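What follows is a pair of complexes built around chain A, which joins chain B in one and chain C in the other.
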Partner chain A sequence: MKYSLILFCTFVCVVNAIYQRDAGKNDWSKEFIGDIKHAAFGCDKKDLLVGSDNVIANINLRTGKITWRRVFESKEVIRRFEYATATCNLITLTNTLRVWDKNGLLIWDDNNVVDAALTEEGVVEVKKEFVRVRSITGKPIYNHTSSEEFTGILKGSPLTLSTKQSAVLVTSSGISKASSVNVEEGHKIVQGELVTATNQGYYAKLNPIDETKSRVVVHSNENKIEEFNINATQATLAFIRPYTSVDNKQQFNILVKHDDQLSLYNRSGLIWSRDEGLSQIKGLTFVELPTQTQAIQGNAIVSFEARLEKQLETLISLARSTVDGLVSLVKNGLKSDYVHRELNVGRDEFGFSKIMLITTSKSVYAVHTNGQVLWKKTFHSIFKTSDLSDVKLIVTNSPQQHDEKPVTPEFVLVAQRGNQALVATGNGLIGDITNLETIDFKLKDSFGVPVENGNNVLVLVSSDNQVIIRHGTHNTLTKQVYFYVHDKPTNSLQGYTIINSTPVPIWTVQFHHPIQSFAHHATKLNKHVYTNTIQHDETELSKYLNPNTFSVALEAPTSSSSDSNVEIYLIDSITGTTIYHTLYESSSGPINMLLEDNLLLITYMYNKPKRYQLSAIELYSNQIPSHAVNVKRTSFILPSAVRTISSTRTTLGITSKLYLLALTNGQVLSVNQKTIDTRRPRGVAPNPNQAEEGLLMYNPYIPLISQSLLTYNKTVHEVSRIDTSPSYLESTCHVVVSGLDMFYIRTAPSKQFDLLNDDFSFSLLVISTVALLVATFVVKWMAAKRELVRLWK
Partner chain B sequence: MTFKVLVVFVLSVLVTFCFSQESKPVYNVEQSFDGGKIWSKRGSLNSVGLNRRLTYIPDGPWQIPSDAYTTTGNSLYQIRFASVEGNQSPIMTSVSFCDVIRSQLHELFTLHIDQTTHKLTSVDYIVTVGHSTSPFINRTCSVPDQLRKGNTKQQVRITIPSPVQGDKVSFVGVKTPDQKKKEEEQQNEPGFFRKYWYFIVPGVLMLLVSSFTAPEEGGQAAAQ
Partner chain C sequence: KLFNILCLCVLICFVAAQDEVIYKDITGRLHISKEELEIGVRVAVNINGDDRVSYVKADGTFTLYELPAGTHYIDFYSVNYLIPQIRIDISPKTGKYRAFAIIPSTNGQDSYGVTQTPISVVPTLNIKPISKNEYFEREEPFDPFSMLKNPMAITLIVGLGIALLAPKLVDPEQMKELQASMSQSESEMKSMMSGFGLDGNKAVENKNQVNPQVKKKQ
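The block that comes next holds the complex of A and B.
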């Protein structure tokens, strides 16, 4: 009973949900399909079926919105995507053949299918040992076995299959050798032109005119019948669909995929466009918006006048909003007295408005925290080439909370093209590229070194050990610069320092198993981290706070090849010293790590009972000065596998921390700091002193409580990263979850203790205050009058 | 015959002893005073004994090259461990040269060795000067003559720590549903008296009744 009560308290303490009325108010989500590789116009005039590697979806042809979407497991890749206009059915083949109806409902499926196709007879299903033809509903029509192993379908009509040694013709009566086969080509780029064709005799060619436009020429049986321009270049996929309009004219829809966008055009222009680039986010950085005021420089009279002017403006806006509130109160009554904040792009007083600079595989975006895409630039348009290695974005100039004047955020994009490094500088607010530099050296690494005011100096290191500095000079770097490079072919880490503008190697760590995961501290340690933990017995534990540590996880096979161990190294990036090295036996990946202050969190799979576990390691400084650290550890059982892990961050570090675990079911579970505290007593209930400190009795399970899911009823498929950023309010943190989809939420781990509710009625407050004032004067007058009457009696 | 057996026994013991004391170099220990441009051999890590214990064997007294360093600061002292077999890249580490001088060559090598391949992963190089050693701090120091002449004895300690075993999940104090059910049943189980009161109460009543009636019969018999 006692343990149940404690367990109940554990669950109660960690519940952190939002109200139903708050859903959608401080969060937004975007759904994507991914890199579209397949498309087909549906038999219904408003259907467009598209598919990426493991996603199929139906897009409304009029609006461009997703009607339905099905997401397969990430390891599945769609090899066949065929649509039967006669029956309005779609078949998709990964390792599993699936047949869908027009509403996205699965009719039937089958595993271990080598190849499949839609033919006039039905659905052809080829397995290694036999070929089977089924109707759309799944009813077998006929099947044949063969002594030779089937490897694929060469043609649908007549049905021709390839075996390991030859090609065979398959009919309902049997299998026979095929004499010669003409294999059709699909949509391909032929002689530099993108060509798309239909089976009604129409085909269209897309020819780029300039950097932004292409010319579409539609032919019918070699006769040119239509041509028009579209705003798309670098198209890689195109489909044409002729249709007859209401006024009996022949029209054409051209569906074009260019860069990350899928666009639908007709003769009159663009109908809609979907941007799928945000489904493949590589990097995300939060940037403040510039302040909208400027501190007045001048003598006391000038600044006094400016202050009066500003206060007068504030008074006028307050009066205006009070009147608006009163009007809405009269119109709508007390219940719906609700002031919506205007959507604007400027900085607000609470730091809720920020810009996220996002890099994908082909573009860079600026997305406001309200979900609006402010601008987008493709790497092709910036660097004038598509032949680029991984592009890295570094923010070199960032506004701060207490800036005295507006500061424009600046960023730098660094890429490698052959033996040249390309450095593009851009304006973070509008996306304009202000400078593009080409440097003749082969880039080994590039990074930003933080200097004063939160800015970064760009350091570029070449493979022949040269260093180039941009957005600063060597003199700007007042401290010694250390960095390390991961050499993937040799699986080693090499640490460097810069001496006289030359990188000098200072340490090496050579791993003998592939590195599975890295974890670093956030760019800056929260300066308000409280360094000591005072225990219940009044002893102090001094946290080991070293912002230069990073963590490496390896999966090492054991002598029995079927099993493996997980090894974790915690290394100092300046000296290369191994601070801590631990081994989890009989464990394997996926391994995720988070390094925050003095805490290292690791998720992995424990092979023997086949369960996912979370281990927490807290580091404390030893009393005796040495490199050794005092370590406290604990482990828990997770409800499911984890894709990535992050934590909330606040300005002052007072608010409780939430650790965010992205589960494989598309949800994000928030776990309280107290749940994973390494000092939780095991096997016994906490004594009164421990309970006073807030320690809970150890429980090996981390519960999956629906109220602790940050994504509440939304799903974010294939989460690859969670990024967080503090707002100006201590209670609130921005959280962005991205993967195939994108989800943003403003979360308050300890509830919003420093902010009034949105439905707080300011007008009612004003009315009450005014009414009290009036009542005070009236009562005072009445009291004076009565006193006078009394005196006269 | 006995003598032959004895000779064979002694020879085998001698061979085992010699074999066990055989020292085989596994890693060459090299040093550099100029930021890694020139490396010179300083000693070797040898595998000794049947349990392959690693021991540092210096190649001679520790000497500073005459052109390497005088009395200026800002210098690194770098050590690297290169595999004799050449089957892995050298493992390198650095400290401030001034710290090496101040420690008078009291050095500690902590070797991290991979459990599966038994190859060196990293080396932590600490010189005992009583404070943490960053590899590059702007310091100045002068080299004593004793060190220049190579008259200082190297005192090298080697430690090879094993990785700490990861913490395991504990179920102490956590009850399974069956255990909880059993505990609840035990708590809810009534006491002996409550369970069997319908036997005990009539039995006691009967005893009482019989004890009251038994003396009366005796009294009546006595009266008679």
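The block that comes next holds the complex of A and C.
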């Protein structure tokens, strides 16, 4: 079965897989839980159970790493999260009540539960007009039906439920009216302090001392037992766990959640901390690291000396690494002689080291491509206020590959507070904010206009038609700027150009339905595009390459039935003309689009058979000069719904392109260019010309082949974006998949043709060369000796 | 008259029953190892655009609650096993349902790539994984013969073979005669060259000195 599946695949598609030994070498993944709202200490000393809105996880109490994790639908919200320390079970309630054991296995569940609680009797399930108490293993103990509808649980013991009008008391014998109810006080916030209570009679107060520290005071029965400081302030959740340490002393663990971080402290300080901020990424930009060489100015002697010095250094390091390799060879044997690429934080000669500047809803992070978070700054600390709109990050100054001297990457953060625009300029390497500007400007939108060298000039647009351009110290805007604005209430797009620092409206496009999604060309990354496609029957097709186009997708409900159509428009952003327009009948969203070179990829759902389809539209320019394009299109059936699409990008564009589809099951499928080629012959086998081009016969299915998964056996739940960036090597591309989790991989779609194998053993090469040299001399000596003997005979 | 009223009541009940939408809870059993369940096997079904997600329980059973009548596709997500997509058809009138396993097929002629195999739902819906998921490329096992296929290796081996075996095939005396004639022709060549005024003079002299010695020894 397996074998035939692979055979099936070879006829349909190309597989891009890595070796198992390479897993983890060029990639890393981070798993997150989200905004943590619930926590409970497990009965096992190393378990900590946490929950966010739709994720529950077990964290190892000693290391802070996730042991197991369960992810529910994104729409679910966990309302109850309770832990039974006697039996080590967790119950969670969304709309479904679920009971888990300590290994994360679901024991039983029940649907349509209004409220649930863990009491001494067992698990109480309250449905609309029905209440049932079960043991933790699911065995029913007693149940009652009521005439009134229950709305919730007021108290666990004695079991008191609230109905629409009153409260009732429930026991094993029956339901009776409750006379007076004392509602339990759970966690309460008392004048800025957070009080937390445990069952064992201890409770702790957290008093903030200053901006960074708080004082923890542990009480038991009104007596102060312990006091210590922790480096956290403004905590929103706190829990305490008493335990006896090895030397029989009473110790306390304090679990605190502040901002996005969950930290565990004890008397001696921080044990571990988890940052969950990267689970909700809003924006991501790749930035290069500055070059480490410096073109030495000065006369020839100085530069010659510098070069000699540098070459001496590299010679020494080469000798050292050879010796290390030999030593490891002797120790471990021939096979295990890997040269691991250790990415230092500085620039890498292959371009494998880059920084990703990431904005979430509360902070900005810089994450290096080797996985470490270089720095993090909260917007609160930058802008000194929390009342901000969405913050946008634009890179204004970026190092390039062939820089002569180091250039520091600079970025700009733009936010709106009331009627003011806040612009903060920062250093990309260390995160310091060098300048904070407040402008009286009703900011509507901001964007960066790409100028040469990957830099951007900041342009701010206000809602009363004003424009501010910030050139920065390095850039000047020489070209004419065109931009368009999406007006949501009227479903229209308005195009402008900037003349003398004022926006002048040029075009307007009005749509009849709300816009579902947009797609733009990636800016200027692939300057090398091979413009013509020659079909092997000698007709030449010219690609329609217009980097100023963008595409718009609408979902238009049809007047007759409850059906809808998907309309796609391809619009030129300078003139506002619609270059191409197409309609997919009886289809609906979610619609994802990718616009790349002359290819437009659209994913949508075809309503009648309820299947997900991918449409590829290739634009070729018509020989008649006008805006009309020649279009070739084809559609395919996807194995599952797609959350987002992206494609790999390389510097020269020679490597084959992989289109990355993020599926709803948390995996990323990579689809080869050849699979979605629009010229695949239908119904007949490819003729020799087509076979020469590599076109396979048309097959409407894009199969889900597990070997084509970019994320191999890892999953990234709830993918929201895929970002790609080229490296200096033509074969390799950086890909970051982010959503609830983050996954990074350096992928080589055509295998790494410009890099030596990882297991190329340099020491074996050195040894064989040295051995050959020695052998040459030995043999020469032996031959001379033998010749001498022969001559003396 | 009573009979008419009775008929009317029956009709009303019938009509009322027709308007009821049937929701069904589907329970099934997935035959999979406990380790895989601990990693987590998710079950998802898409109803009206919303995904409903559940996990397979510790004993291998799973329940999908409140599926409306019609056709639904159930997906299983397991890291190590490939589990077929299950299609459930729930009849709106009787509430009975039937299930098909959708397995990727190898034959291009039938439905381009999937076959639907019916599964019995009595007594329970039993689902078995198709195969193990393979995410990585197969490593070629270390084959010493692959080194032999290298063209460099072939030239080396064949060259070595010729260099070692050739002398054994030839008669030693014939070999010495050949060598002598060769050295003679060499010296002839050299004298010819010196005739053209090249600097082979000294070499020729040396050669003449050596050769008489050799000839003497013979």
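Criterion: the second predicted complex is superposed on the first by the 708 of 793 C-alpha atoms of A that agree within 3 Å, B and C clash if a C-alpha of one lies under 4 Å from a C-alpha of the other, contacts with A are read in each partner's own complex, and residues count from 1 in each chain.
The rule is short, and it goes like this: a residue touches a chain if its C-beta (ideal position, glycine included) is under 8 Å from a C-beta of that chain, and two chains touch if they have at least 3 such contacts.
From a predicted model like this one, the values you see are computed outputs, not experimental measurements.
Undergrad: Is A:73 touching anything from chain B or chain C once the two structures are fitted on A? First, second, both or neither.
TA: Only chain C; A:73 stays clear of chain B.
Undergrad: In the overlaid three-chain picture, which partner chain does A:792 touch, first (chain B) or second (chain C), both, or neither?
TA: After superposing on A, A:792 lies clear of both chain B and chain C.
Undergrad: Once chain A of both complexes is superposed, is A:576 in touch with chain B (first), chain C (second), both, or neither?
TA: In the superposition, A:576 touches chain B alone.
Undergrad: Does the superposition put A:700 against chain B (first), chain C (second), both, or neither?
TA: both
Undergrad: Is A:777 in contact with chain B, with chain C, with both, or with neither (first, second, both, neither)?
TA: Neither chain B nor chain C is touched by A:777.
Undergrad: Should A:509 be classified as contacting the first partner (chain B), the second (chain C), both, or neither?
TA: A:509 sits against chain B, while chain C stays out of touch.
Undergrad: Can you list the residues of chain A that meet both chain B and chain C?
TA: Touching chain B in the first complex and chain C in the second, residues 1, 4, 699-700 of chain A appear in both lists.
Undergrad: Flag every residue of chain B that touches chain A in the complex, lowest number first.
TA: So the residues of chain B in touch with chain A come to 35-36, 74, 76, 78, 80, 88-94, 110, 112, 114-117, 119-122, 124, 126, 130-136, 161, 163-175, 180, 187.
Undergrad: Going by the contact rule set out above, which residues of chain A touch chain C in the complex?
TA: Going by the criterion above, the answer is residues 1-2, 4-5, 7-8, 11, 15, 17-21, 23, 68-73, 75, 96, 98, 101, 103-109, 111-112, 610, 640-641, 664-666, 699-701, 703, 706-707, 709, 712-713, 715, 793.
Undergrad: Any idea which chain C residues touch chain A in the complex?
TA: 25, 37-40, 42, 44, 46, 50-58, 63, 65-66, 71, 73, 75, 77, 79-80, 82, 104-106, 108, 112-114, 130-137, 139, 217
Undergrad: Mind listing the chain A positions that touch chain B in their complex?
TA: Within the complex, chain A touches chain B at residues 1, 3-4, 480, 490, 492, 497, 499, 504-513, 556-559, 565-569, 571, 574-578, 580-585, 587, 613, 615, 625, 627, 631, 633-637, 682-684, 697-700.
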